[in-house]
Amino acid sequence: MFSVTVRDHMMIAHSLRGDVFGPAQQLHGATYVVDATFRAEAVDADGIVIDIGRATEQLHEVCGQLSYRNLDEDPSLAGQNTTTELLAKVVADRLVDRIVAGSLSESAHGVASIGVTLHESHVASAGYERSL
Amino acid sequence: MFSVTVRDHMMIAHSLRGDVFGPAQQLHGATYVVDATFRAEAVDADGIVIDIGRATEQLHEVCGQLSYRNLDEDPSLAGQNTTTELLAKVVADRLVDRIVAGSLSESAHGVASIGVTLHESHVASAGYERSL
Amino acid sequence: MFSVTVRDHMMIAHSLRGDVFGPAQQLHGATYVVDATFRAEAVDADGIVIDIGRATEQLHEVCGQLSYRNLDEDPSLAGQNTTTELLAKVVADRLVDRIVAGSLSESAHGVASIGVTLHESHVASAGYERSL
Amino acid sequence: MFSVTVRDHMMIAHSLRGDVFGPAQQLHGATYVVDATFRAEAVDADGIVIDIGRATEQLHEVCGQLSYRNLDEDPSLAGQNTTTELLAKVVADRLVDRIVAGSLSESAHGVASIGVTLHESHVASAGYERSL
Amino acid sequence: MFSVTVRDHMMIAHSLRGDVFGPAQQLHGATYVVDATFRAEAVDADGIVIDIGRATEQLHEVCGQLSYRNLDEDPSLAGQNTTTELLAKVVADRLVDRIVAGSLSESAHGVASIGVTLHESHVASAGYERSL
Amino acid sequence: MFSVTVRDHMMIAHSLRGDVFGPAQQLHGATYVVDATFRAEAVDADGIVIDIGRATEQLHEVCGQLSYRNLDEDPSLAGQNTTTELLAKVVADRLVDRIVAGSLSESAHGVASIGVTLHESHVASAGYERSL
């Protein structure tokens, strides 16, 4: 199994609903350093899983849709708690949508699964892994 | 598959038995930077795998049981070589015990597996992964 | 010159005033991973610049005063732009106040200067350095 | 499942063939920080997956075969694009050859799979995972 | 003293002249992860040392001039050994030229010194620090 | 001002004398990831501050003198508390001795100062800086 991982980040404000979140129920924020991993059984004729430049570009656009925002007011996230786990899923799902839509290179059609990890600090992260 | 990872550390002395360990047969020590990853197929109603605050707290207690000690004299480890691999297993098993005992949040009951990695330097680490 | 550095973090929401900030004029947020460095010409009789446990504790309290908040509404920061540079100064100044007030160990009286760095992502940070 | 990871690096020149590589079609270079992970279901009688000293030594030799070279002129890589993905496979395959040849410790015969990750910068990496 | 640091990277091929370089006399390459630090005694009216977005942009352009190249054939570096130390100086000098030319924000005129560090691996880096 | 930094590590056991150290008065241990920085006003005719290979080698030997040992029983450290601060000084002083003795390259005679940082965990480090 081959893999390629690219990194970007986003800076957001939000609040979380539920007693379990304690002080994080207040409006606060986070920098998420985002790692997106693309996995494939084989590489294409060029010897790659995915065009790393294009993957970087697409991840940057997905992060850009969420960054510099108050996620409590983002209509695309309405009604859901924007926990680190669920935001990792949002990023992964949007990357899959872009692969399906052909926004990544041809070679991306060989991608079997995507894993996204959001590092919210030097001591905590959350991730989501899914197949295509 | 969702995951949450929290990080802590412990500082221990120990020696290892076996020719394979060379100079590490002498009493020496290590800082282990410990990453504990909790994996679950789904998040709970709050949108989390596990209460990250509670997970951090429990990992801190488990590290605290081992830290600032000479592990050669720790009765709970008597008779076993405290290699990085086996210490990763000790930490993982103790975290599982705490989940089973209910010391973590309700949501922790959805945890399917735990992975623990002990970084012993900037160039070496060992890990242990188990299901619940 | 000796030094000791301890690390903690805080998660905040804020907005910045000024055209130069572009999209960061909107309410967004950040995790700041905070490094506080204490410098002294000599160590004390115990061989330390500062009690590392106490320094960690005091930095944690200072970060706690700012974390899980919308800094736009923090009265202690009223009227100032909470740029990374200025927040580094806030943290440094508050640590100095605590040293002066005796909240750190005796040895802290030998501290000649403090440097604080706030890492806002894997690609950007800002810092402030001052003498006591 | 247990694992041990060791890290080394190599510094190489190369060029890549294919329009997808854009400016990387020109002769350029990279530092690859290499993580090699050895996985085993059980540890041996000494409590280890693999002799970490010997694993470090063998990885250092494998990196040494590729480092300080123009890979475009390395006969052992003739005819293949030296993408990060494929170089990860080269390193993994050479480590497996060494395990099979007995260059690692006895315990290495319990190794079930090897994963190699090449970090080409602070924002990109590629990996290859295979069983023995 | 305030500071702002931004990070980027470049991937180059080169060879070094001089017996001291051993195998690095052969054509090989490196990824340099580049940290550029801008220092100022005071922040401007907006509360910043420098526009972090503009600084990132300018550093990216400077790295882009050197990246994906064989530095042995770069006319702008003709006749000099492209050691990590001297490349750090090249990056710093080019950033200073851009500040002087007004390519950074107004606030950049308060910058007193620039430090550039090039990380060539996880175990080695070199830097250059100069005043404006 | 130019600089070169190399990294190595050591794994030691020790105990600390003094109430201020709390549980660290018990025999425990640490991995110190050691950064040694060599600073010079100018580079030599080869364009370097110091032969990075030789610097790495010498730092490795200095770390080797302390690693895999119980520092409480190291005669060369008798009578002193082996705090992180003081160990940073020991490493720096031993590197200076080696420069003076000519164990590093000719170019090392241009080194004006040395800084040593010992990272004892992901959240704490101490350092010592001295001129030659």
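Note that the chains are named A, B, C, D, E and F in the order they appear, and that numbering of residues resets to 1 at the start of each chain.
Throughout what follows, a contact is a pair of C-beta atoms (placed from the backbone, for glycine too) under 8 Å apart; a residue touches a chain by one contact, two chains touch by 3 or more.
Keep in mind it's a predicted model, so treat the numbers as computed, not measured.
**Q** Just tell me the minimum hop count from chain B to chain C, counting one hop per pair of touching chains.
**A** Tracing touching chains, the least step count from chain B to chain C comes to 2.
**Q** In the touch network of chains, how many steps separate chain D from chain F on the shortest route?
**A** Between chain D and chain F, the shortest chain-hopping route counts 2.
**Q** When E-F is set beside D-E, which has more C-beta pairs in contact?
**A** Comparing E-F with D-E, the pair joined by more C-beta contacts is D-E.
**Q** Once chain B is fitted to chain F on CA atoms, what angle does the rotation have, in steps of 5 degrees?
**A** The two chains, chain B and chain F, differ by a rotation of 180 degrees.
**Q** Among the listed pairs B-F, E-F or C-E, choose the one whose interface is a repeat of A-C, with over half of the contact pairs the same by residue number.
**A** Answer for A-C: the repeating interface is B-F.
**Q** Copies chain C, chain E: same or different interface, half of numbers shared as the threshold?
**A** different
**Q** Could you tell me the distance, in whole angstrom, between the mean C-alpha positions of chain C and chain F?
**A** 27
**Q** Using mean CA coordinates as chain centres, what's the gap between chain A and chain F in Å?
**A** Going by mean C-alpha positions, chain A sits 40 Å from chain F.
**Q** What parts of chain A, by residue number, touch at least two of the other chains?
**A** In chain A, residues 7, 122-123 touch at least two other chains, as defined above.
**Q** Considering only the defined contacts, which chain D positions touch chain A in the complex?
**A** Touching chain A: residues 16-18, 20-22, 80-86, 88-89, 117, 122-130 of chain D.
**Q** In their shared complex, at which residues does chain A touch chain C?
**A** Against chain C, chain A makes touches at 7, 9, 11-14, 23-24, 26-33, 67-70, 120-123.
**Q** Looking at the complex, which residues from chain B come into contact with chain A?
**A** Of all residues in chain B, those touching chain A are 1-8, 43, 46-49, 51-53, 56, 105, 107.
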